[in-house]
Amino acid sequence: MRNDIYRTRLAKSMDKRVLKFLSSLNEDNWILEEDIIGTEAHSIMLYEQNILSLSEIKKILKSLNKIKIEMNKKIINKHSNKFEDIHPLIEKLIIDDVGMDIGGKIHTGRSRNDQVCVDLRLRIRKEIIMLSKILFNLLDILIPISKSSKKTYMPLYTHFQKAQLGVFSHYINNYNLQILRMIERLYEVFQRVNLNPLGACAIGATSINIDRERTAELLGFENNIYNSIDAISSRDYIYESLTLLSLCSLQFSRIAEDLLIWSTKEFDFINIDEGFCSVSSVMPQKKNPDSLELIRGKCSKLSSNVMNAALLLKALPTGYFRDLQELKPILEDSFSKIKAIIDILAGIFSTIKINNNKMKSSIKNSYILALDLAELMVNELKIPFRKAHNMVGLIVKESNHLEDLFDIKIINNKIKEHIGSDFILIKESMDYLKDFNLILKRRDIIGSPSEKQINITLKMIEKEKNKLLDLFISKQKELEKSTQLRKNLIQKLLS
Amino acid sequence: MRNDIYRTRLAKSMDKRVLKFLSSLNEDNWILEEDIIGTEAHSIMLYEQNILSLSEIKKILKSLNKIKIEMNKKIINKHSNKFEDIHPLIEKLIIDDVGMDIGGKIHTGRSRNDQVCVDLRLRIRKEIIMLSKILFNLLDILIPISKSSKKTYMPLYTHFQKAQLGVFSHYINNYNLQILRMIERLYEVFQRVNLNPLGACAIGATSINIDRERTAELLGFENNIYNSIDAISSRDYIYESLTLLSLCSLQFSRIAEDLLIWSTKEFDFINIDEGFCSVSSVMPQKKNPDSLELIRGKCSKLSSNVMNAALLLKALPTGYFRDLQELKPILEDSFSKIKAIIDILAGIFSTIKINNNKMKSSIKNSYILALDLAELMVNELKIPFRKAHNMVGLIVKESNHLEDLFDIKIINNKIKEHIGSDFILIKESMDYLKDFNLILKRRDIIGSPSEKQINITLKMIEKEKNKLLDLFISKQKELEKSTQLRKNLIQKLLS
Amino acid sequence: MRNDIYRTRLAKSMDKRVLKFLSSLNEDNWILEEDIIGTEAHSIMLYEQNILSLSEIKKILKSLNKIKIEMNKKIINKHSNKFEDIHPLIEKLIIDDVGMDIGGKIHTGRSRNDQVCVDLRLRIRKEIIMLSKILFNLLDILIPISKSSKKTYMPLYTHFQKAQLGVFSHYINNYNLQILRMIERLYEVFQRVNLNPLGACAIGATSINIDRERTAELLGFENNIYNSIDAISSRDYIYESLTLLSLCSLQFSRIAEDLLIWSTKEFDFINIDEGFCSVSSVMPQKKNPDSLELIRGKCSKLSSNVMNAALLLKALPTGYFRDLQELKPILEDSFSKIKAIIDILAGIFSTIKINNNKMKSSIKNSYILALDLAELMVNELKIPFRKAHNMVGLIVKESNHLEDLFDIKIINNKIKEHIGSDFILIKESMDYLKDFNLILKRRDIIGSPSEKQINITLKMIEKEKNKLLDLFISKQKELEKSTQLRKNLIQKLLS
Amino acid sequence: MRNDIYRTRLAKSMDKRVLKFLSSLNEDNWILEEDIIGTEAHSIMLYEQNILSLSEIKKILKSLNKIKIEMNKKIINKHSNKFEDIHPLIEKLIIDDVGMDIGGKIHTGRSRNDQVCVDLRLRIRKEIIMLSKILFNLLDILIPISKSSKKTYMPLYTHFQKAQLGVFSHYINNYNLQILRMIERLYEVFQRVNLNPLGACAIGATSINIDRERTAELLGFENNIYNSIDAISSRDYIYESLTLLSLCSLQFSRIAEDLLIWSTKEFDFINIDEGFCSVSSVMPQKKNPDSLELIRGKCSKLSSNVMNAALLLKALPTGYFRDLQELKPILEDSFSKIKAIIDILAGIFSTIKINNNKMKSSIKNSYILALDLAELMVNELKIPFRKAHNMVGLIVKESNHLEDLFDIKIINNKIKEHIGSDFILIKESMDYLKDFNLILKRRDIIGSPSEKQINITLKMIEKEKNKLLDLFISKQKELEKSTQLRKNLIQKLLS
């Protein structure tokens, strides 16, 4: 029997070069398991609808079991360049195993067009679950770092210039909040992905008496897609998956850049563990943070994958076109890269060394408290902020030593000159500027880097984390339920 | 008084060319109204916190009212190239109006960094509401078209080749379902956008005794952002807005392409109203569907805007950088383009003419019922689908006339040859293949183009539409409540 | 001996996960041959500079020969996940083979940083030569098609609407001219790529007495790069290669789209050979031009690869960073995809069937000669073109039959009405409008689809093709000369 | 007379919203001058071909002169939303001025399709000339900086880590070489742009007896395009312009990043002039290099413009489509942004302050000479480089003080331990490591940062600059010649 089992309508086989060009078989490894699961569910339903007999379903399920056992790259590699994709390959393997009279029935009431959408939706669903776990794990590494660095003072930067006094914990909580939003979005996409396209057949559904509710149940899909064209032609769920992964990667690239800058000798705020560093083939002194650079670099791919998808989808008419095949490898690539990136980043954070002293001296060696001084003037003297800002700006401009910023004489002279001699700052009111802890304590508003507020933020982060965790756990349980249902049925049918 | 009110720390003014290069003033028109609203709310809170006196808040609110009245491009154009952006311009206008002693207080406890985030979040919020309305309007045009074309038979295509029999309504419902998902995503983004960054100040919050809960309430923000770095440095809400608009545009580009193909003389399924067509400067016979082409074309911009944002954000360290300024014009551009695109598309759909006869004859002039025939064999004779598929494939290959597909003799010969002489198809069982309505009726599964199923899908679409509409209406009411709260307070304070 | 031969400076080995994350070994297969060639040339030069002795160079060259023989994926796979990249692997293999005292010398006066640039430049050089051959081959298929279809009349389209009468040959020559420009650009890029980075070492050159002129000669590089930072840090030659491949792909995607449209049943201008078509898994009647769709689809990747490179390079400081490693796989991907695309397209064109009759009837079934009529009025009656255009426009609008366009009475009535009764078109002057050949003959200007002008264009195309072919042949000869020089030296040294 | 002068074929005017959506009139300001020039040349040719009479050409040229005088945004704004684009507007203005009988002739033998290509090619040609001048100007600022900083020692970095000793001049020459390649590529694109599309008419040329050679001459086009489809449908010259501008911008973003890093307080290698810096609205101490950040930021747009073009062109069938209109604004944007970026960068470089001492102390405070030491061992003791590299690596690892690297005892102990006691480094051989100048002198190979080699590179740079300058001057002269030819003819005809 020929391999191109669909091809009776044409006189000619496909040109070999063309088959090589068209074949997605190697890439289909990514959806192999899903293709088998989808076929199991479809076949069970066909049996329940009396389209397959008991003996037929037994043989088909056994045959699928065999394929599952051999299920690994090797099968596919063996057949590579002989099949256009995974779907005819598996149909062919079954037909070879149980004969055309039985195997020829598995494709009843479905088409490659809805089948590949089942596979993709099942696989994305799985990837989202996996990714959520990796992100929760990263939170589990970052939250303790945040908790233990609430008094690790550091300069906060804008424009690469020292801006305000802060603490390391505050930076980490910035990361934590973003990661929580990533997980939230993942959940939303999950909901839109987890729908059943089976039954759409090629594009216009089927006259075979299939039961979509049942395949949805067997596959753990939350609902059916209510229009067969939408089911096989739309790829919005893939595009939104890709854009979300790109969004995550952009954020991680920013984190990597933070760490890269901080680990230069010139900043020296942190040390990256040697296990995450490379050396030079010629310069004996080098210790290079290559893993951070490569995180930054690999992030580029995730955004260009979005562009690839946009180029593929833009102005593609409704309906299935072979172009859509090219979405699969970029989806796999984006999921695989983001998981690796987060994994490495988790490793870097769990071994990071923070140079408290270096950060402290960087604060001291700066005018970073200038805003605190200006606000002190406002609070104490009730003068307009803009005037206070201008005066402190002049003090900085005219100062010869960093200490000038806290010189009560200079300050009061400046005030006298710009506001009037009625306004005098009392030396004691400035005392707290010598104590980083007290400075931050004064910033007693939601979201500030004061210890109290950081504790509030941390509680909020943990609450939100647990809320999202519960959502994902419940989804996972539903999926496990459907898996169990399928397994039980298969066991029963095979017994 | 000099225009660069922040600049005492530096000896030199900014180079003129540099100011022109840096200034976002022209683009800031987009957030002008929001900047004023944000300043009102911040000022009211400062008054309530006893940082502004009653007479001070009165003067400031009056001054803001004046600016609001003159609020239009002209103000900004006049000052263009004199200010770096809208924030110092408005502060300067107020100071010029009410004097430094009062006007110099409005920037107490905030910074441009949190202020611009307020403006952007308020504006995106508004745009999302507007966009949702335009999408609901498009649904209101498409749903009646769907309802009235449930018996408008048309060929469904895959690979630009006729695939299965369908109806026009089914195509439209495919669009409807996608639009519903767009609205759903808009709502999710809205929730993440509608948060208060005020109080983050430059990056590390403020020691001024401000009340973030209150500004959040006054501005209708659902919650505060719980980390000051996150508040001023993250742009994930912008990136996800841009990706969602890109997703919408890609879908609309596919719809435009459908319509373009169908309106070629060769297909001739629809007529685009002349009001949406252009002519040639030389070819007198031409009637060109330029508006569809330009929809397709303009969609490109929305995806390249995503890329622009990715390029801007990738590996940007945490903190504020001037690069972020470049996100504003692309956000404005994406919202503005998508609204125009949908508007034009709504116009095209409300004037479209469907050529029923042309579509019907296209169906008849094809082998489009081949799958129905193969499934008929399966249903009647219980033979494996793959065999039925192969046999019908051969009939098509060997046929001289389209009618051969329904020739009971040819069919039964083929069956005899491939299955055996025990299997005979009865002529009457094929009768329904002559009636498009009956053919579709047999496809009695969820999401099929049969009239019954289309009615179910339409009900589902309307239910989902109403659910989303309720969500948006409730959001809008909350926003109106905060607007009213602000207005009442202002009125009271000014009286 | 440990595999990480560079790593004495660090106490710790690299984390295994990190090594997997960082390693480019699998991708380095693409530059394996080039890495060996580069090492041969560098070693020969070291010998000539008395840095290696005769017995040392002999052993090193023999060792390289061994590696060359085993040179295939298997070597690399074996070492995969043990080395960061190809460079330490080969150095280690040589050291293992000939001992540290000799093998430890091959990296004298060079670094991975200049070495990888040698490899990339050699490989791009080779790819450009290969690609130029494939493009010349495509021209050799298209030029005969053009020559044989000078009288194959077809409608030319703008806006998907019939515009002017033309011939198939004219379309093909449009393709030919674009392919010629691609080859021209390839040559320009070749010139900028073919430069020697060796000697730049890590970034600041070397104090070893190496001879850059000699390695340039041995490797066929046209010149040295005159700044060591530029040599190791710039990737403009990669970016311009990627953009050129993207440009080519966009053009080929447009050709694929032309063919897709023309091969719909509705247009039916061409038949794609079955060897290049796919079938449906369920619809027995389908013959789908999947290979054209996949050409269109794969083209997306080449433009997103440009975006990937832009994301990688944007704002990367000068110097080497590990991010740059990610450029290699996209370069390989772009070259590999464009070669496959052109190859398949060449196959499609060499088996294409043109439906002359269908195109002719499409012309007849239209108002496509409307402009010819308007220009006839201008030529015969010296009336303003705009008036002629307007009158013919009215004739089309008011016409009931296609023939009205050539009805002398209708035309003269229209003229009388709009111009005056002094102007009368003589029936005989319109006779040529019945003969497609005569119509085109009147368009006797450079670049028109008239047979005479097509012959001129074809001559120009062949002349340009030969000019470019000569350029590439001369480049190839230079490369062969350097290969021969290297081989002779190696043979002499090994004898 | 109605504004839509082309529209007799249709019964309905264009919908107002649609006209607003379609109209490119505001953007067409960019090609207004070119459109007039193109019309002048076309009209003169029509006169010379006896299609216009002397009195007709006089009136048309006078009318064009009037439009030229009023030529500024205001004309266009007045007509905005009344015309689809610039072409019918100008035709209409002429007809209004000189009457239909004469004005109605200017569009004889051409179409908007070839006309817009004339405009675009003329404009790109002009932009390339302008851009080349700005780049030459940047070189004229950078070359003197390079010349004066040949002894300004600085650390060269890879991976953000100090790598090798260099000089500032060497960094600048890296920039210079890249700028030279930009100019070279500009010239190549210029050659492909400078071709005449006129005569292609809509797509299939014209039967009017026009003279393409003459319009080419009058417009300074080097040659005609030899295929009318290619002339109106291809946009490769636009895509390659955009990719080249993107390439330039990526390079400038890397330069901006270098300067940003160097101007942090932590590095402190350079000072950016205050005229190019911004301040904070709240933090009085800040001096932010906003102009560099915005250069970096604006560069993103140029690469996303490439993506926009790719999205527009991908799979667009051959022929003119309205989508192509969207290429114009991104072309204008890319040219305008790159010119501004380079201009600001030129300003920054002409006012930059280099902190020699800071760079020197950064060198001293490092192990940056480790490779020089390893190579010294190789040169003096003839030991394998890999061994020397390993030993120096160990010295760094085990060292307590930076001075250990030059401690002859430590070094000789290490040598004894790893190589044997026969090998001893003589103290005097290390003396030169104390003198930066002598260290670089030893790197006496092409492209190194030694003074001698920098002088050679600088000579090469100046030679290349002059060569390219000559090419551009000769092109400019040719364009001026054609401008003069046109002006003389117009003057003669109008006299």
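Order of writing sets the chain letters: A, B, C and D. Residues in each chain are counted from 1.
Going forward, a contact is a pair of C-beta atoms (placed from the backbone, for glycine too) under 8 Å apart; a residue touches a chain by one contact, two chains touch by 3 or more.
Given the structure is predicted, the values throughout are model-derived calculations rather than measurements.
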* Third chains touching both chain B and chain A -> C, D
* Between A-C and B-C, the pair joined by more C-beta contacts -> A-C
* Find the geometric centre of each of chain A and chain C from their Cα atoms only, then give the gap between the two centres in Å, rounded to an integer. => 34
* **Inter-centroid spacing, chain D versus chain C (mean Cα positions, whole Å)** => 23
* Asked: So which stretches of chain D touch two or more other chains?
  -> 6-11, 91, 107, 158-160, 163-164, 201-202, 261, 278-288, 290, 293, 296, 299-300, 303, 307, 310-311, 314-315, 321-322, 371, 385, 389-391, 393, 396
* chain A touches which residues of chain C in the complex? -> 4, 6-15, 17-18, 21-22, 84, 87-88, 91, 107, 110-112, 201-202, 273-288, 290-291, 293-294, 296-301, 303-305, 307-309, 311-312, 321-326, 340, 343-344, 347
* Asked: Okay, in this complex, where on chain C does chain D touch?
  -> 5-11, 91, 95, 100-105, 107-109, 113, 156-160, 163-166, 170-171, 173-174, 177-178, 181, 184-185, 188, 192, 199-213, 224-234, 236, 239-240, 243-244, 246-247, 250-251, 253-258, 261, 296, 299-300, 303, 306-307, 310, 313-322, 371-372, 375-376, 378-379, 384-387, 389-391, 393-394, 396-397, 439, 442-450, 453, 456-457, 460-461
* Asked: chain A touches which residues of chain D in the complex?
  -> 158-164, 260-261, 263-267, 278-290, 293, 307, 310-311, 314-315, 362, 366-368, 370-371, 373-374, 385, 389-393, 395-396
